[in-house]
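After this come two complexes, each holding chain A, first together with chain B and then together with chain C.
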Partner chain A sequence: MSSTIEFTINGKDITGRPGQTVLEAAQDAGVYIPRLCYMRGLAAFGACRVCTVLVNGRPQAACTQTVAPGMVVENNTEKMTAFRRNLIDMLFVEGNHFCMFCEKSGNCELQALAYRFGIAAPKYPYMFQPREVDMSHGDVFIDRNRCVLCGRCVRASRDVDGKHVFDFVGRGLHKRIAVNAEALLGDTELAVTDKAAEACPVGAIVKKRVGYAVPVGQRLYDHKPIGSEIESTAL
Partner chain B sequence: MSDNLPAVVHEICQAHGGDRTRLMDIVRAMQQKFGCVSGPAMELLAKELSIHRVEIESLVSFYSFLSTRPKGQVVIRLCNDVIDQMAGADEVARAFEEELGIKFGQTTPDGKISLEYTACIGMCDQVPAALVNDVVVTELSTDAARRIVRELRKHGDPTRLVTRHGDGCNGHELVRAMVMNNIRQRGSIIFTPTNRGEAIRKALAITPAEVIRAVKTARLRGRGGAGFPTGMKWEFTRAAGGEQRCVLCNADEGEPGTFKDRVLLTEMPDRVFAGMTIAGYAIGADEGILYLRGEYAYLRAYLEQILAKRRQDNLLGNNILGKRAFKFDLRIQMGAGAYICGEETALISSCEGLRGDPKNRPPFPAQKGYLGRPTVVNNVETLCCVTKILEEGPATFAEFGSQGSTGTKLLSISGDCRSRGVFEVPFGIKLSEVLKLAGGEDAIAVQVGGASGQMVAREEFNRTICYDDLATGGSLMVFGPERNVLEVADKFMAFFVEESCGYCTPCRVGNVLLKDRLERITAGCGEPADLEYLQELGTTVKTMSRCGLGQTSANPILTTLKNFRATYNALVKKRGDGRQPAFDLAAAVAEAETIIGRKSTHAHA
Partner chain C sequence: MAKPKVATTSLAGCFGCHMSILDIDERILKLVELVDFDKSPIDDIKKFTGRCAVGLIEGGCCNEENVEVLRSFREHCDVLISLGDCAIMGGIPALRNTIPLQECYDEAYLNGPTVHNPSRQIPNDPELPLLLHKVYPCHEVVKIDYHLAGCPPPADTIWEALVALLTNKPVALPYELVKYD
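Now for the complex of A and B:
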């Protein structure tokens, strides 16, 4: 087997390694494929579906699809971007997101994706579901109103921290993040230094006493859209 | 019953070898004994199995038949499938509520009886139907519902509700069910006499590669819905590396309107198990699992006995029929109420003692399936076909049907027709001919392939049942002239909203949005732009979803938009006043009116 794999994304030649995913091979080549549940260093999850691309014409999540020689990948086509925008819209109406006073504002991947896609307001009606907030832990809180069920905390705690503090309960629209205790995060082994405490892409799992510390104008996505850090490495 | 929780937990875990992958069986046993898997029970189970409590909660909260809060000693689960509702399930529901004095989702104050709705239980040919614990009660009337409650109050024993037995093996001493087989038409492949052991003997006389070649020559394709060529699937699995391989038989049969696998398991379980054994020989597997949906628990003891007999007769176990070095055995894995577990990778998750979440693909089950082993998943009917192919040869099998679709197909027919039940028809038969067989000539629409299939209009009744035209796992729901196809579509959407596993965004959220907008239209509050909205949203869900559920869940809407456009057009309208049709001014100001204590003249003008 050769040690490199050649394929194309929107006509551009990309070189990947055997076993590598489309998303990571693209990233290494400076091509940004929008994503939310993906986090480097964690097992691929394939839940948000934002990274869906067409592989030889068929939809596949770029974070779980491995590269193959001659693969033809379509990423930022008008059609795929419209679908992705719809997914972001769905996440906004499923939860209760009030960006203007959220600690994560400006550093939030969901918000940043919305800006990148030019979403000013979602086109679907809000669901206004009641969700629980858990302030019981001394250093970290959970606000389920903002959770997008990406599972990054679940994987980080299980696979990196070796603790399994988080997991999902319920199914369908009733799916929620639960903790490894009767009810409260404060009764778990979570430490503020855990990977799980900083894996959240949105403001659902937040460290206490650091909110709003970075002034507006200096936050992660204040000047450049999400993904531009990858695109700027393109050859 | 022992109240000593730690001792019972220990006992149950030990009975399953303290094996975490058997968590489904363990929590099912707990549920049966205590009516729930409580918080303290989860703590103890976690310790006993060296896992985390939240892993157990994650699994328990996934399945409809499991719960963390106590349920009644008897749980009545009334099927609220659209076919049941057409037959008066709503009236039956009211009768249950009145007689019990509780609403659905509640338990009587004495803790004895719980009342719930459940999705299709595989009895659409004998509706309305319900489960009372594991006991199936069919063809319910309001009187029957009241009688059931009164009897349960008296003796609390669901098995005593069965006063007559169904046909065939439904009367077997280990089944004792009132369920009917309703086999309406027997064809040349499935419903034929069989010689127990013959197929396995013939398979063992040739090499595994030759068995696979026979299945390929017969051009057998999967009967579970996706229609993948069976021989090719087996070949991939055989070629995959690793020591151990596994054969899974998919008896989850959750697609609304199908019930033919139930009939096969009742009347020809030997043929199903023979098919699994042959698959095991062909791919080099020595273990198999029959995944039996929780709704069919009443068949379990009977099937276990058949398995025991097969072990006695050396049709399972070591050196099968004297073939040295060929061993194969199988176990039954019970489900617990989740349609998604029929999806092959979700089924594997469930067998492994996990939530029924589908897995990411690649890798495919043929490469990495059950516990990481190369795995074949086949439908019950597919495996019956395999047995027949080995018995009579691939050429005989391929004589029936058409070029791309050989053999026969079992159809489960329900709804507005005179003859409901299972029909074995040759592939290539026209839908109109099927309707004639079943006495459903008046139909205005037929839902082919269950909720995830397509709603076919009269103009297209000349289409044929086969993989290249109307491909189906076999569910045919017939709708007569008095039915409203959009209401039917709405019921199907409710099913998908309930059954989505929730893993991925488009299916979890999108189906809810689709259903809401369809409801708005059926309520007469839709506008023309809503049709565009449904089309675009439906396409998003279909394209972006992670597994077959989400990739087909928009079909009730997308296929009615295509085939019943006029019905939609008649319902949507533009309003002259510039407001959105869904906006109800009177309702919007109602709260304000009560506060200020007078009516708005404008809103009620």
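Now for the complex of A and C:
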């Protein structure tokens, strides 16, 4: 079996390794495929669908699809960008995202994706559903208003920390992050040093007493769009 | 030819976006060369004097008066801009949107920790605009042509957008000028 796999993304030749996902092979070649629930080091989950690409004309999540020889992948086409934009729009109206006072603002991957796609306002009506905030833990809090159900905390706690502090309960609109305790986060084994405490792409799981540590103008996505750090490595 | 007119208003906002308009500094002198201000807190004109090229809306709609003002801006302005996060998504006033209106009234006038209200009256004078059951972003009430995000939008964002519109150029803001905070 060959140790490399040749395929194309938007016509560009990409070389991947057997077993590698489209998203990671693309990333190694300096091609950014937008993503939200993917995090390097965690098992692929395919929850957010932001990384959806067309593989030989069929929609596939690039974070779960493994590379195969001769694959024709369409990534940043007008159609796929419109599709991803709609997904980000829906995440913004489904939660209660008050960027103006969120500690994560400027370092938030959801917000950064909206910036990258040039979203000035979501096209769908806001839902303003009540969501629970859990301040019971001494060092970490959960603000479910900001949760996008990416499951990074679930996977990080289960697979990296070996604690299984978080999991999903409910379905559809009622789906939410729950904690592995009788009642609240404070009753779990979560430690502030856990991977799960820093895996959140948005401001839903936040370390206390950090606040707005980085000044405006110096935050991750203040000057350059998310993904440009990957694109700048392109050959 | 008469200069085009610009109107501005603050609905359920904090006037921070208007402060950001003033924050264009000495460029405001260039702005008054380009435009006349019509109905606006900046010149304190209360009623529209005619057709306006651009209307800038700060704040969302939290009461019936906000809706009336917003509709009259739509009627009088060729281009309507949602200025800032409150106009775009409701902002801080929309924090009440997940709480029933009666509970908000009760907390503000009856049960809040600093409330002194021996007669236990909740303001209900016909002069007072009725609160809506939730705060609406402007584009859920009327058609909005442009959205300038930010809390407040940076002065440069407002300046670039206004100049582009008034000189018939496309509004193409650079990455760094579109921020939600």
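Operating definition for what follows: the second predicted complex is superposed on the first by the 235 of 235 C-alpha atoms of A that agree within 3 Å, B and C clash if a C-alpha of one lies under 4 Å from a C-alpha of the other, contacts with A are read in each partner's own complex, and residues count from 1 in each chain.
Operating definition for what follows: a residue touches a chain if its C-beta (ideal position, glycine included) is under 8 Å from a C-beta of that chain, and two chains touch if they have at least 3 such contacts.
Note that this is a predicted model, so its numbers are computed, not measured.
> Is A:186 touching anything from chain B or chain C once the two structures are fitted on A? First, second, both or neither.
A:186: touches no partner chain.
> Contacts for A:211 in the overlay, against chain B (first) and chain C (second): which applies, first, second, both or neither?
In the superposed model, A:211 contacts neither chain B nor chain C.
> Per the contact definition in the header, classify A:129: touching chain B only (first), chain C only (second), both, or neither.
After superposition on chain A, A:129 lies in contact with chain C alone.
> Output check: A:30 vs chain B and chain C. Expected answer is one of first, second, both, neither. What do you get?
After superposing on A, A:30 lies clear of both chain B and chain C.
> Per the contact definition in the header, classify A:172: touching chain B only (first), chain C only (second), both, or neither.
So A:172 only meets chain B here.
> Looking only at chain A, is it chain B or chain C that touches more of its residues?
Of the two chains, more chain A residues are contacted by B.
> Show which residues of chain A both chain B and chain C reach, each in its own complex.
In chain A, residues 125 are touched by chain B and also by chain C.
> Of all residues in chain B, which touch chain A in the complex?
Answer in residue numbers: 39, 52-55, 57-58, 61-62, 338, 340, 355, 360-362, 497-506, 508-510, 512-513, 516, 536-537, 540, 543-546.
> Can you check the complex and tell me which residues of chain C touch chain A?
Residue positions touching the partner: 82, 85, 88-92, 94-95, 97-99, 134, 137, 139-140, 144, 146-149, 151, 175-176, 178-181.
> Can you list the chain A residues touching chain B in their complex?
Interface residues on the chain A side: 44-50, 52, 59, 61, 64-66, 83, 86-87, 90-91, 93-94, 124-125, 127, 148-149, 164-175, 178-182.
> In the complex formed with chain C, which residues of chain A make contact?
Listed in rising order, the residues of chain A that touch chain C are 92, 96-102, 105-106, 111, 114-115, 118, 120-122, 125-126, 128-131, 216, 222-225.
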